[in-house]
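What follows is a set of structures for review.
Shared between the two complexes below is subunit A, which has subunit B as its partner in the first and subunit C in the second.
What follows is the complex of A and B.
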């Protein structure tokens, strides 16, 4: 790629991280700066609210077309994620949080492939960070509520069935893996999935533009290849958007389950 | 040309870094999904549960690859 770019007169510039920090255009310097990505976030949230409101405004017992699709999605979240991980009782308790996370993350992810928005708003670390902090607080609160603060910490940090001297090794590992690695990994997984997906799309379409209009000659054939590649990655990004929403909701349920589980 | 140098690598080692960090998760996800398919073929009736567990496992394994991407940004070239 770099070789071809050099031959074509050096017109090709690879996309970089500056993609994710566009110019601020509203409320600059107030701490509530709105740039393109924040605007995309607001649009995605409003679109999600509007869709759910339109679909469920006049919910009927025999659902219409839109309502049944939305109900199918909610049913999937409840049965597969909430009940599957937490069981019926806790599943119903935490279903609102899990459903909000699933649909919220999905709405913010899918903007990455929506024309004219073209930017997954989860690609900036802020939104995943807020989401995983919510999960972190709920996870600890659920554990304390279910078992009391002392029991909860004892179960998490001193797992039963381990020989006493081994706690010197096990407890530090448990501290890191439960209270540090969980929120950090939730945040990083979502952020980098979206960031890398966006960079791949930009790379494909920027290369197409370069091959077609700047490189010229026989090299233009590569442009067709990268164009097809770009479309393939767009389809792949739809899959990733759904999958990451699923994984985020699933891990939320799993972490809550690990917190509230009673040791036998 | 300096004759004391037999082989020389120029540029940034980060280019290789992500490739290295992708090997582990690549093998890991391969084994994970393969074993899940095996389990599904043996016991199709629990395939839903196996699939959920598989995605959970993939989420943990693929994180290593993303840490590889993050490392390139956290430790930029000198």
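What follows is the complex of A and C.
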């Protein structure tokens, strides 16, 4: 960033993390403060629910075009993620959570490339953190429900088939990997994918703006490059938005599966 | 100067969520989850169940119809094969019967012709026998007759007796030329 700033001859200021903390303009200090990103988050939530409700409101046995697409997506989550990981019975039990996570994460991600919104509210750590905590609680609750608290902890911390003395080494690793690394990695993976994606886009388009309108002359040619780069990253961000939603939902299913699995 | 310290000073750290961030995250996700759980997914399930039962029904119906068609086809083919076998059997029977009829006809004809030939031979033999018998008696009679005629006429008239003999011979030839010929041969 400092390099680019230097190239810009001092006139260009690279966007930084202040991007993610815009001014609060509503309910300041109440705990329900709304800034631009929170507004984007609320809009994305309502838009997702409204669109899906409209698509399924008059759902018929022979589906229309929109209904087909929505059903295809629901079916993908149900068959490939829920059933694939958990089997039919548990897959049906946890399908609402997994579907809410998949579509919620996708909706909140995709605002990053929607014109005028231009920000994924998952770049704020709050949303990924809340989702991870939900998954964390459900994962542990599902394990305890399936086998009882003692048996669950024993299965998780003292995996079968390991020689007893090895537990001195294995158990701390299991504690960290199961009860700490899982929620932390879920949170950070999503947060930083969105955060970095946004920074890349802003950087590309801010540089384009700078090269075209402020630097002028021969360097204006660089603007074309950064514009193309920005376009390419926009497409890439669409992929990332889908992929991260898929990964989050898949890991949710996988963690629940590891908790409820009887022989492990 | 690092961006982090600057940012922290400006009112946010990327790893430390603000209270309002957590609050709005929880509200939004709770809303998403509840609507999915209570509204969207039940609708989705109902439609899916209806569709799968409709498809299942359609498949079952199609399978039933297919099975019926298969059965009808098998039945038809069986009937066709039966018909063909029956026709072949009838044809074979007819041929055999025809051959038998021809053979028996030939046999009958042969027997009939042999019978006719035998009968004809016997008849010819009988006629020949009777002819011989009558010829013998007739020759005796004729001889007697001739002798009496010769005697009855004037034996001194040589010319007349020669005429009588000539006439007799001519009569004889005129009456039975064949019998006379065969008689002549045998005697």
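FYI, the second predicted complex is superposed on the first by the 254 of 264 C-alpha atoms of A that agree within 3 Å, B and C clash if a C-alpha of one lies under 4 Å from a C-alpha of the other, contacts with A are read in each partner's own complex, and residues count from 1 in each chain.
Here, a residue touches a chain if its C-beta (ideal position, glycine included) is under 8 Å from a C-beta of that chain, and two chains touch if they have at least 3 such contacts.
This structure is a prediction, so every number in the text was calculated from the model and none was measured.
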| item | value |
| --- | --- |
| First (subunit B), second (subunit C), both or neither touched by A:80 | first |
| Touching partner for A:226 - first (subunit B), second (subunit C), both, neither | neither |
| Subunit B versus subunit C as contact partner of A:246, first or second or both or neither | first |
| Touching partner for A:52 - first (subunit B), second (subunit C), both, neither | second |
| Residue contacts with subunit A in the superposition, subunit B compared against subunit C | C |
| Partner chain in contact with A:178 - subunit B first, subunit C second, else both or neither | neither |
| Touched partner set for A:96, first subunit B, second subunit C, both or neither | second |
| Touched partner set for A:41, first subunit B, second subunit C, both or neither | second |
| Contacts of A:17 with subunit B and subunit C, given as first, second, both or neither | both |
| Shared contact residues on subunit A - subunit B and subunit C | 17, 195 |
| Residue ranges of subunit B in contact with subunit A within the complex | 48-49, 52, 55-56, 58-60, 62-63, 66-67, 69-70, 73 |
| Touch list for subunit A against partner subunit C, complex | 16-18, 20-21, 24, 31-35, 38, 41-42, 44-45, 48-49, 52-53, 56-57, 59-61, 63, 71, 74-75, 95-97, 99-100, 103-104, 107-108, 124-127, 129-131, 134, 191, 195 |
| Subunit B-touching residues of subunit A, taken from the complex the two chains share | 17, 80, 84-85, 185, 188-189, 192-193, 195-196, 243, 246-247, 250-251, 254 |
| Subunit A-facing residues of subunit C, complex | 3-4, 6-7, 10-12, 14-26, 28-29, 31-33, 35-37, 39-41, 43-44, 46-48, 50-51, 54 |
